[in-house]
Amino acid sequence: MASTARVKEILSWYPSDNAGVKTNLSRLLNTGRLAGTGKLVILPVDQGFEHGPDRSFGPNPPAFDPDYHYQLAVEAGCNAYAAPLGFLEATAGKFAGEVPLILKLNNSDLLEEVEPRSAITSSVKDAVRLGCTAVGYTIYPGSKERNATFQDLRDIIREAKEYGLPTVLWAYPRGSGIPKTSEQAVDVIAYAAQISAQMGAHVIKVKPPNATVHTKEAKAVYEKAGTKLETLADRVRVVTRAAFNGHRIVIFSGGEAKDTASVLEDVKQIAAGGGFGSIMGRNSFQRPKADAIQLLSQVMEAFASK
Amino acid sequence: MASTARVKEILSWYPSDNAGVKTNLSRLLNTGRLAGTGKLVILPVDQGFEHGPDRSFGPNPPAFDPDYHYQLAVEAGCNAYAAPLGFLEATAGKFAGEVPLILKLNNSDLLEEVEPRSAITSSVKDAVRLGCTAVGYTIYPGSKERNATFQDLRDIIREAKEYGLPTVLWAYPRGSGIPKTSEQAVDVIAYAAQISAQMGAHVIKVKPPNATVHTKEAKAVYEKAGTKLETLADRVRVVTRAAFNGHRIVIFSGGEAKDTASVLEDVKQIAAGGGFGSIMGRNSFQRPKADAIQLLSQVMEAFASK
Amino acid sequence: MASTARVKEILSWYPSDNAGVKTNLSRLLNTGRLAGTGKLVILPVDQGFEHGPDRSFGPNPPAFDPDYHYQLAVEAGCNAYAAPLGFLEATAGKFAGEVPLILKLNNSDLLEEVEPRSAITSSVKDAVRLGCTAVGYTIYPGSKERNATFQDLRDIIREAKEYGLPTVLWAYPRGSGIPKTSEQAVDVIAYAAQISAQMGAHVIKVKPPNATVHTKEAKAVYEKAGTKLETLADRVRVVTRAAFNGHRIVIFSGGEAKDTASVLEDVKQIAAGGGFGSIMGRNSFQRPKADAIQLLSQVMEAFASK
Amino acid sequence: MASTARVKEILSWYPSDNAGVKTNLSRLLNTGRLAGTGKLVILPVDQGFEHGPDRSFGPNPPAFDPDYHYQLAVEAGCNAYAAPLGFLEATAGKFAGEVPLILKLNNSDLLEEVEPRSAITSSVKDAVRLGCTAVGYTIYPGSKERNATFQDLRDIIREAKEYGLPTVLWAYPRGSGIPKTSEQAVDVIAYAAQISAQMGAHVIKVKPPNATVHTKEAKAVYEKAGTKLETLADRVRVVTRAAFNGHRIVIFSGGEAKDTASVLEDVKQIAAGGGFGSIMGRNSFQRPKADAIQLLSQVMEAFASK
Amino acid sequence: MASTARVKEILSWYPSDNAGVKTNLSRLLNTGRLAGTGKLVILPVDQGFEHGPDRSFGPNPPAFDPDYHYQLAVEAGCNAYAAPLGFLEATAGKFAGEVPLILKLNNSDLLEEVEPRSAITSSVKDAVRLGCTAVGYTIYPGSKERNATFQDLRDIIREAKEYGLPTVLWAYPRGSGIPKTSEQAVDVIAYAAQISAQMGAHVIKVKPPNATVHTKEAKAVYEKAGTKLETLADRVRVVTRAAFNGHRIVIFSGGEAKDTASVLEDVKQIAAGGGFGSIMGRNSFQRPKADAIQLLSQVMEAFASK
């Protein structure tokens, strides 16, 4: 499909990238029910690895099957489906191209708690071999393992670019430098978004920021400028501003499974604040498939109407 | 031999793998007395390294000889024989192709107890040079050394695929994150199977799960869904479900040497629960050869009859 | 433009470098309002990463936009603009060559305090791909991480030379070996300049030295020789002398944002003491653009008149 | 010379090795006074590095000279001479081929006590360049540094095979996992021999086992089977059995310098127990040369007569 | 110039080295006022990095200039000039071949005290690019960082040989394994010389040994053999003996700056004991140039007259 003016505008924010990366970015933006709007809804399914299989898929047992998620992403009209190697190995060669795939290159599990740093579990070349449209990677700003994680990311972004693949970055502030209560503080989430953008991420995924302000320096700046932080929309504005004044694609996760009304209210706030979309895992695959498709459809409408 | 419908079905679960990997998977499935059934009985002999030679082979001294194990695997009609480099160096060039070989690429010994992480003792290229059909590797989910171990595995799986070799993963939850009493907890074993599948293992080897449930989250899910955990068969069902809804080959170890009736009872439960087979070391090579062949034969019958 | 006698003299201090490196050094020296004078004023903008976006750009919100800084450097007539990967990705391909770029290859953030060592966040090849004129790198003499940092620098300088790129080194004494009160001690800054020059840096950036003397050995030498340390100019003389008797380009940072008069007084002292220029971030981009251009203009005049 | 039946039998135990490795193994077996017998006496001189020069060579000062040892090995009719890089650099190009050389690739010194792990001090390519017949390497089973040491060994064995060089492994159980009193326990030495063989060593060098049994599991096995451990010959039998039922070449060190009668008694026991030979450093080079040649001659006779 | 008989004899001690290495060794031996004598006086200037610039060059300010040292080495008729990368970058391309250069590949600074291990600050390829005649490297026997340092050295020696460059090794026993008072103990210095020779160094630089004996084993050997240790000449004899019975080039440093008479007395003792020369930094460049040239001239005479 021909790119819309909005998609062309978004692509113009990446002037130093090669044609391959821009082509795959446009594939993400030109797929599914939100194609052409500049908004994205992505289905991520790494919880089997990150939280364990029973806890993740037990509430909706068909979700134990890799096919289930690929098909859910297609049927719901998502822009992309993101998962670790195993789930993509089990489906990419079978369905071959029905939805853009994002290979999550690193993962953690809950069987041992260490200073946050995910293990690298697959490679850029795996993503190429599986026909993926982008690679995904998780960083934990605030972790003592920062340097190693950032340096691995640097190598991944560089290699991915060589294959024309953009990088989607999951940025979760966490670790010994950040108290639990500040992990979603608005200034911390904004800082994480800035780091992600400076590292060269093409798409940045953060958690919805809350009204906590972690650092006194940011607090002083907000107060002096009269920055509004009351609503989620206000705070999403602060975060997208931190991502190159809105010139990087920032999407927000849904967090823990919750009721439909709450999910939709969050989404509307995110859209109102200038967020580029949502990435919604547990709220999708832990419901019966028909319910999930309906919810995702409502989420997409919320973004499309902005 | 032409592949049976069941073997073809199993191979269809690996749609993204190249023809070389699928060919070697089919060799594993089309060898020995269980050829074509989709079930496997594998002889593994790494205990000389892992537990020490006298303790492992002293009870049946002919087992000190590398030839003994290769020949036992052939005579018993096993699907494959798995061992560290030295045992395969001593036999592969002599017998040359009488049974599929799995080269165990990493090993631990008991002379020093460290946070669980096996040393890499051989390479994918060694497996190729020795004519092996697959490579084997051990992970310890729950160990603080998780990241390094997973990342080495990632490189190994990738390199093995380039040579058309599938990967058999030994997954033992163990380490500072997991109390001794939870090492065979059903949810922990299921989690280990999920991690293994997500990492891209083709065949997954776990210990038989017991009725312990380690995490409250899994407990809640089991209770809500009324998941049965009483029999070993019940629990094997939970574990194979965690391995992509039964679409990855999961086999179970026998554990410590014990009497024949107990071994066979376990095997029947494993078969009833949907397990794909057994991997049986000490219960095989610590008996006189004739007894071992008889026991393995009974085990194979138990699986064949399912 | 033809190089002036002064530029030719400066280039003669780098007799072992290849023509590519000398060409790019001459580009730095032959650009902007100070072209040909042998002096440099550089705009560095890594504070979004190093201190956080709100704290850095909140005081002057247009500065959230990557375009802002590139254009500020051009309009103010700076010799170069230095920034991390993301800011250069967002502008290099759009403006393409309006001002020499320096890619900062490593960065720290404030979300976790570790023994000082910046993460490598981009590469020499990125600098080449983005059309940069030099690479930048930060070392922390006094840190326990010294060896790893120095060795990474070694590799970077070597690779940069292969591509004809000079290296600009940010040298901040900091870490468990140096008390906070000695971080800008004149002998410590001089030592950092010497290390930088011996490592092969082409341009060295240090903080303005204060009158503290950290080591008794340096104190004895200063006293015996009657070395003057009273004014900033005196101390700048000690520092440039430590950089190969003035035969390496040493520039000074402005430090925290402060009032115009203070900034200009510092600059005059630096110029009087033989400093080659200033690198001025927060004092530039945290003011309204017109004010920043005016200040930078005054700074440049101070250097040009020397 | 044509290989004897015994040499051919020994070579048959390495069926997976290439012709180059077998050729060099046959060179070791077909050199010196024991040529063709399947027995080996090797002169190792790494004590200058491992214990210090004065302590090692002071008792017989001509031994400070590298030429001395090479010539001693030739004149005594040893199968091979093993030493670190420096000693071989100083002699290999001068004498060129008068005796097979084994380059010791790693070494420790006594100036600092760390958890046992030798530094890699030369490479397989050095061995090739110096015309060596084999490479040597030391492992310390029981050390916390096990994994790194084993993994380096793995790479070395693989690279050595590519050049047709067999690997001689010095296996010394030592480290925080093993009390001093168990370092020569028979079950521990047997375990070290097994590990060495499983890692792919072609020749294994251990210390003579004493009658201590370190693990209760081995003790139980020995008692149940009535394994004799009284004489050194008995214990050598247990150790060679652990090395693939006698199908790997296992040689024994002499240990500290002692009187001739004790040395010869040990050697006779080793020969009686099925040991393949001795490696004798201090007992050789700390005597006057004529005495050393006489002793080595008696040692060789003891092995030849078996 | 044609090599003298003595130079030919010295070169004969390196029979396994390629022609390139021997050619560069002969350049070191055939340069300056001591050309052809088999003796060497080298000017080393790494103190700016190792001790700081003011402390090192402040006593004689012209020494802040890189040109100063290169010219001092030429005018004094030294065999070679050794320095870190920066000093050689600043001069090698300007003077081009007036004196053999030795690039010091690793360096430490005093801003942080860590277990002794120098950072690698330049490479063999830098030495080649700068037209150097040899590379230099520092080891600290006795440091817990021994293994990493030795292994880096191994790689450097190997790479240097490929380019025909000999290696000059600075061996300073130091670290947690050695009390301060034993750092120049004669047995410890002898041990360091042995390690250096075994690692493959072509030229070994140690500090002058004092009469302390650190280990009881060496003490016993010295006493039994009646080894004389009273004079520096006696002790130099013990050290050169430890370096392959005098068949490796061992040179001695002067240590801290001191008066001319003391320097010359040391040098005469070193020469009398069979030392191959001196390496003299602070005693050279901290005096006025004319004085330094006179002193070096006297030092050379002392060696030439032996």
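For reference, chains read A, B, C, D and E in written order, and residue numbers begin at 1 within each chain.
Keep this in mind: a contact is a pair of C-beta atoms (placed from the backbone, for glycine too) under 8 Å apart; a residue touches a chain by one contact, two chains touch by 3 or more.
All of these numbers come straight from a predicted model, not from anything done at the bench.
A.B. asks: Going by the stated contact rule, which chains contact chain B and chain E alike?
C.D. replies: D
A.B. asks: As a multiple of 5 degrees, what angle does the CA superposition of chain C onto its copy chain E give?
C.D. replies: Superposing chain C on chain E takes a rotation of 70 degrees, nearest 5.
A.B. asks: Could you label the chain A-chain B interface same or different, taking same to mean over half of its residue numbers are used by both chains?
C.D. replies: Shared-number fraction below one half, so different.
A.B. asks: Where the centres are mean C-alpha positions, what is the separation of chain A from chain C, in Å?
C.D. replies: It comes to 36 Å between the two C-alpha centres.
A.B. asks: Compute the distance, rounded to whole Å, between the mean C-alpha positions of chain A and chain E.
C.D. replies: 58
A.B. asks: Could you tell me which residues belong to chain A and also touch two or more other chains?
C.D. replies: Answer for chain A, listing residues that touch two or more other chains: there are none.
A.B. asks: Under that contact definition the chains make a ring. Starting at chain C and heading to chain E next, list them in order.
C.D. replies: C, E, D, B, A
A.B. asks: Over in the complex, which chain B residues touch chain D? Could you list them?
C.D. replies: That would be residues 48-49, 51-55, 58-59, 61, 64-66, 84-94, 107, 109-114, 117-123, 125-126, 129-130 of chain B.
A.B. asks: In the complex of these two chains, what residues of chain D are touching chain B?
C.D. replies: Within the complex, chain D touches chain B at residues 12-17, 141-144, 146-147, 150-151, 154, 158, 173, 175-178, 187-188, 190-195, 197-201, 215, 217-218, 221-222, 224-225, 227, 238, 241-242, 244-245, 247.
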